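There are two complexes below, and they share chain A, which is joined by chain B in the first and by chain C in the second.
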Partner chain A sequence: MRIRTIAHMVWLEAIRRKDVYVLLILLGGLLLALVSLNVFGLSGLVRYVADVGLLGAWLFGWILAVVLGARQLPTEESRGTIFALLAKPVSRAELMIGKWLGAWLAASLALAAFYVLTLAVVWARGGHFDPVTLLQALLLHLALLAVLTALALALSTRWHGDAACAGAFVLSGAAFFVVPQVPMLLPDMGRATGLLLHALYYLMPHLELFDLRRRLVHDWGPAPWDTVALTLFYGALFTAVLLMAAWLAYRNKRFPRSEWQ
Partner chain B sequence: MPIVNAIEIRGLSVSFAARGSVVHAVRDLDLDVPEGRVFGFLGPNGAGKTTTMHVLLGFLSPTAGRASLFGEDVRRAIARERIGYLPENPDTYRFLSGRELLRMTGRLFRLSGRILRDRADRLIEELALTAAADRPIATYSRGMRQRVCLAQALINDPDLLILDEPTAGLDPIARLDIRRLILRLREAGKTVFFSSHELSEVELVCDHLAIMAGGRLAAQGPARQLVPAGESLEKFFVRVVSQPRGEM
Partner chain C sequence: MALLLCGIAITAAQLKERALLVPSEQPADLAERLLGESRRAVGAHFYEQADAYFHGGVPHTPPVAADTLFRRWRERLIPEAHAHIADNRIAEIMPWLRMATATDPRNVEAHLVAAYWLDRAIGRRDAAEELLRSALRKNPRDYRLRMELGRLCIRHGEWAGARDHLKTALAQWADQPLDDPEQHALDRAEILTYLGYLEEAAGRLVSAAEAYETVARDFPNREGLLRRAQMLRTGEQPPESAEQILRFLAAAENRHVCDRESHHHDADGDADLQGQGRNRP
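== the complex of A and B ==
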């Protein structure tokens, strides 16, 4: 009940701060502009609209998950509400899980809205998505948001909100764009750098595994379900490890106000 | 059956490393707060009052010693089941309405349904928040925010209320409301442990006092016995906190 209550408060704050609506309007505007201006000069090729729509959902989902995850604890500390909250019979583990759950659910709702918007525009232009592939893409995307939210939350246990945000963007960006290229870079590297890159390759989350956009846009059909299930498990495992790290970093944390009064 | 104190502190010390030196915020503190008392916890700025409160609430781990609330070690979350806390300069979730805040807070104590609804409604009425109960807290005045924070500290009907400078920055009417509330809680047999710089307020409501100075307990006892006849609490306080260590 405590975890659910904390998550509910995070959810309410996310909904009432209107960040989600701004991104939704931005995505809607982008898609409508794309449809009406026909910037590619390829009338009827809805594949581009789908591609841009899903890219928007990815970008905005990424931003929301990181921002929501990173600001939870620093905001509680800076406005002093952490004291009233921890004065209740709430353990720091419950606090951590509740904050993560609320941030993940809020980012997930926004993501679902981004998908619905993209879907609506694609359908309006006469296109379609394979429903099974769409379901797989959405499930994997939700798992990705879980990892990103946990990463940002873990960093925010020791860093200020802005630093945690920046750190989570850099780390997740590196995980998405650099880590998959490591095997190609290895042959040109020395032994020490090679070992370092190897460690990086296995330690960092492989976020590219959660991306089914191309399969969806180019209608390649659903991925094997066992692969999807394994990737979901991988995401859950990474999320659990990050939350555990967050709890370890936070369980004995002293809050600055305590030290000088 | 042994008498259990609402608060029991034994040999409590809290030190911090700060900018290359060690700050001893609290040193070897022993303190008992019996149930049903209004206990004033006084001291100048930096005396260690808030640090002690933060140890009691589990925000800080002591460097040495131990503390318990109703016999439960303060490091356990269960120790906070029977307490309410109002921080110094409280702020809260401004995106919630007053009523939502109380209901959310109640759920953290596993309250639900009619009990929670009735308790929230009663506190809203008692603390004169009825007209604003469904408005976002962002629209509240400072005094109203203080009252809604106090209401959330009372939602679990606590046996011990810990108040950190509850009247700081409030107008005389709001102070009077807080004073009345403390007296009402005392009549109901609750324990109130509060720090304040407002010695006139303290004189009016406290039956026990403890005075901290430089992280140590400088004086403690029943208010009537502690302050010598003919001396005001203010004079006594200044004399006690000004004395060099060893003369206390």
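== the complex of A and C ==
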């Protein structure tokens, strides 16, 4: 109940700040520009609109998840409202989970809006998505947002909001773009560097696993459900580990009252 | 908010109108102003996207040394085996080629590939020719554009026009070495071979024989061309006339070996986007 209340407050704050609307308008502008493109006078081309639309949904969903996750605790601390919050019968673990849940749900709702907008444009242009693949892509995408919000929240327990945001972008960007390339680098590395890279490869989250856009855009049909379920479990596990780390870092944190007087 | 939305809608409508009316260099100038030199990288990315679409959504990836758990896991979600899309879906690559050519007008390869498919699979010869001519305005010394215009004319049976373009391409060839010297030499051989058939069809047999002999000197394994040159010099009639060969070349499907050795193939297609327009005939 207390977790739900905290999550609800985060949700209301997200709606009040209007970040979602701005990103939605940006995505709308991007899609409008795409459908306005004159492709040698050819008509009925829709796959590239779906592709770039989903890329926009990914990019904006990513930004929103990190920003929402990273600013929860530092904002409470800088405003001094953390004292009022902790004075209530709320444990720090509940605070942590409530903040994460609120940020994740707000980002997920925004993501759903991005998907709906992209789907509407694709359908209006005569295209379609396979519904099962779409469901799988959306589920995995939501799992990714869970990991990202948990990562940003964990970093924000010890860092300033902006630093946590930047750190989360760098870490998640590296996990998505660099970590999958590690096996290609290994043959050129020395033994010690190779071992270090190997360890990083298995310890860092493999965010590329959550990306089913190509399967969706190019109509490859649904992925095997057992692999999708395993990936969802992997996402849940990483989220739990990050939330645990966040709680460990936050449970004994002290807030000197003099800073706000 | 409503005012902002109206503003965006009006601007988009204006842009769409301009995109339909203005010549194709206009977006390139805009891209140049916006992106500077980085437009080459952006254009190359769009071109790679076109290549990925041509391979059913699978991009070029370097071979991986180690087979890891996560790689196998990813492979289950996003397979890397690719097939080549059917001709009736080839239009799907065009938006990326349009963006590649608009972003980087110096990317001649993207222009050649776009023009090839526009003419060959989509049946838009007018758009193909316009695209090549627009690329020629930005890259007037690039022999490959004249060569492709020559091929375009041959495909449509316009032999006089083809001869003019190929002659210009041959004159420009020596001034513009490519990064790939083998391809450079192959291009010259192709221009000369086409020119030989065109000259032969026009009754200029000595000129045709000279073209065949030049190719045979550079590529001694092309003995057929040397035999043909000898026949022309001795007044013998070759078994197939130049007109027949030109018609055959115009109608022939251009098949290539896929250069993605690192991938498994789903279908038995053998064309590759990055090979289109090259190594022919």
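Note that the second predicted complex is superposed on the first by the 250 of 261 C-alpha atoms of A that agree within 3 Å, B and C clash if a C-alpha of one lies under 4 Å from a C-alpha of the other, contacts with A are read in each partner's own complex, and residues count from 1 in each chain.
Rule of thumb we're sticking to: a residue touches a chain if its C-beta (ideal position, glycine included) is under 8 Å from a C-beta of that chain, and two chains touch if they have at least 3 such contacts.
In this text, all values refer to a predicted model and were calculated from it rather than measured experimentally.
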For the three-chain model obtained by superposing on chain A, do chain B and chain C clash or fit? fit
Looking at chain A, which partner touches more of its residues: chain C or chain B? C
Could you tell me if A:252 is touching chain B, chain C, both of them or neither one (first, second, both, neither)? first
So, A:160: does it touch chain B (first), chain C (second), both, or neither? neither
Distance of closest approach, chain C and chain B, by C-alpha atoms in Å: 20
In the complex, the residues of chain A that touch chain B are 1-2, 4-6, 8-9, 12-13, 16-17, 79-81, 83-91, 252, 254-255, 257-261
Sort out for me which residues of chain A touch chain C in the complex. 25, 28-29, 32-33, 36-42, 44-45, 47-48, 180, 183-184, 186-187, 201-202, 206, 208-209, 211-212, 214-215, 217-218, 220, 223-224, 227-228, 230-231
Name, in rising order, each residue of chain C that touches chain A in their complex. 4-5, 8-9, 12, 15-16, 19-20, 53, 56-58, 62, 64-71, 73-74, 76-79, 91-92, 94-96, 98-99, 114, 118, 122, 124, 127, 131
Please name which positions on chain B make contact with chain A in the complex. 16, 18, 23, 25, 45-46, 49-51, 54, 57-61, 77-81, 83-93, 95-96, 100, 104-105, 107-110, 112, 149, 152-153, 162
